[in-house]
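Letters A, B, C and D mark the chains in the order given here, with residues in each chain numbered from 1 onward.
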């Protein structure tokens, strides 16, 4: 993989944004590998992602950033430039069900993501040995109604001592405290076991069975303080029929969960997602 | 197409149902073309569909039916035997949007369904010429808040004077009176422009856009007196992205509506659907 | 629909293309509605599509084109600017099967495409009345082994007397002469009734059945002088099972054909497709 | 899971098969959980799968089998009755790529299959530690052009000393000797990294990229002595676009490979597949 710099930005739409940005890149000899943009006509907002070959620039990354600042200011941009040479840092949160965890750990191990797991947090001990075989620290933090508050205090402490680019709730069956959700908004990715907004909350497999739907699915979204209402990143479905039991639905949906979560994380780690007004722009 | 008889039945599950039924068929020299069954373990109910080559039987259809009656009684079956030599009779209800209507009329014309349209009912005049070109009577019955009750009286009268196997609400934007829905329960098929139970009611395209889902879909279901809550027959979805406007969503969903409605009608006309407790068994 | 100008271009990749193009657009006050680009790293080629709000420009379209020419020359671009205010002109070629034709005519009639059909060409008379009901001229040009050459001479004459943006082979079962294919390369869209490159030639439904595949599909591609080998625009598939006969496969595939062809035409009419080395870039 | 007996059979089609079989089951008080059948009209062959609750029978499994034999003989059936209480036995063959292996091992570990792995065979040492962590013996049998024959002799010996229900080639990049393929026909499941019959042999990702297809897929099939031509069990596809590199195609297809192989194995282990003339009947 060639190292590259990824510039993502959003700002009120107007004439000349792309010209200014790309003229700036060209002036510094930046070779554009990929560029995507989107103009949201309903909110009159503009979004852009540019990937630049790192070694094409005639200045350092720091100088490049500094030189870009006036453009950012001029167009009132929210912007960032990241360096793909820096491995992204992850935390994975799980309970007992390991299908998403096992899938993600394999992907990480095989180099599918340019990222590493700083730790796995779980309220159960079940997956300790499996996680540690992968060389990843396992933080077993039990939770019952009495200890829940203390547990999340411990988790908050752990997170505040570290830097990270994403927390993946890989079928973590606990609701995060609002403060945690707010503090790390845009960094916490959940996988919900239904096609949202159908079948909220727990028991979505059963709800789907009871309603008699002919497709079941999964939804990956950023976590907010409103359960199952965060910005959707990706979704998938699979066909079911009358003969599928709740267990069958669970089994088939688990496969969709793995797929959808891994795709969402892939996009997140490549800085392909911009959140805007409770919706996502995903530059594929 | 070889003519065949289709036996569909449902009854409380017990030992010996299939044996009794198939022994009965074999005793009358019936050649089974296709057979499907389903045992619902949660309600302990049994469902079956058998298609028998018409000319293989050594008795007339009437005698066959009469001879079957005791078996039906013994197992407390709800059952019917239909003859595929009889073309199914349809009514299509539309408003202004014609994508489903045009699609169904083409399918009917090309012989895809063994059925004929007795009439198209509409609260608008727009599609009259197109429908009449197909040789189908067009019942233009205007509806405004004042005339709505009278209009449905007229529709009810039309339906009561005729026999039919299905009413297809092909994007008919009016809610049927409860009495009509109840009287023809299991015969009225609607196409809803979302993946139910997400996005109920009108404006589902807009709702999907506002929520930022990444898949949009359509749902075909039998009509009940509870809007959008009838037994689901079939569903489909298609992928969308952040750059799709409400109009794009409408355009993409219309294609799914056509597909899903045509599949649902196909299953209905071949007597492949059994309704049980607000859900459908669809023998494919 | 707001009128817009669509600039599409391709050229050898280098630094500064986007900057030059977008600076040019901004200098003429052009408001960019949508922009897409692609850098093909294996051939080192660059592709771009920009949609500009027509009434935002401070010059006429002709002046805009003229002013752009030096940029095109500098980067050795193949480029064009089209005006969406101009309705695209189509010819549809059919034989007897009308599912794609009926689907396209409905879409055209309902305004889904900003286009009009100049004529339908067919080697059979079957669809004359249906096409003429839509107000479209029907050119019945019979073809048998003896008259085929003369027939295509007549077709060539018809085409040479007219301008058009696309010829759609909507299940036209005749192979075009090489000269016609070459002359209108990039304008003739075919729908093949299989997932290419599996199952070439006629009889693809039967071939799929014989091989026992579990998915069947359709492929839309530009026509070249090599049968079924032109640049692929779009493809789709649907699931089948052991119980599906060749007729069932045909029925199910027809639906995919309609979908795939209509999507391909949609992209073509919006100038979203660039052909490069026997492959397509489709800016969605 | 309640233990059950699974009867699968195939025979020339005639009147009375289902009646005889189900009457036999009912006479022994057998409670049918699930039943599927298929009549292939082109070859006039009949196929059936019946799942019977084990503890409902009033005789032992051996007596039941013995009593069934005359029916089998009468209709010239190929038949078997298996007991789901017996865990199925598997061998997994891999090379270096572990995505399918990791996926299957997780599924086995989580109880998704009622089966256990007797051993993993590989021509590379890479996955030894991962496999052994799962408590599964790892047979490292190196293969180069000189040692290949000896290696397969060793594998053949290993297999002949053991009983097993399936060998899964989970991206095993070596071609099995014809003798092995023939000896275990119907037991060896391969996953091919394309939508067969498109893109045979190795390098299917590259072939798909070169052809410019818009969908890529994977195919699971039984292994025969003709490479990539065995009976297809299941297939899947995913959408790609012009911007996807060969590496992207590989990454996206790997997900389909996992899905398709796991579904195929699921059906195989539940005795849902009957092979007939190079095609499969899969009772879902």
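Some notes on this structure:
Everything below uses one rule, namely that a residue touches a chain if its C-beta (ideal position, glycine included) is under 8 Å from a C-beta of that chain, and two chains touch if they have at least 3 such contacts.
Model, not experiment: these values are computed from the prediction.
The chains touching chain A as well as chain D are B, C. The interface with the greater number of C-beta contacts, when B-C is set against B-D, is B-D. Among the remaining chains, A is positioned farthest from chain B, on the basis of C-alpha centroids. Inter-chain spacing, taken between the CA centroids of chain C and chain D, is 41 Å.
Averaging C-alpha coordinates per chain places the centre of chain B 37 Å away from that of chain D.
Looking at chain D, one finds that residues 34, 41, 241, 243, 284 touch two or more other chains.
The residues of chain A lying in touch with chain C in their complex are 15-16, 18-20, 22-23, 25-27, 29-37, 39, 41, 56, 239. By the touch rule above, chain D contacts chain A in their complex via residues 34, 98-99, 102-103, 106, 110, 112, 130, 133, 241, 243, 251, 255, 259, 262, 284. Per the touch definition, chain B reaches chain A in the complex via residues 38, 40-41, 195-199, 211-215, 217, 231-237, 241-243, 245, 278-282, 284.
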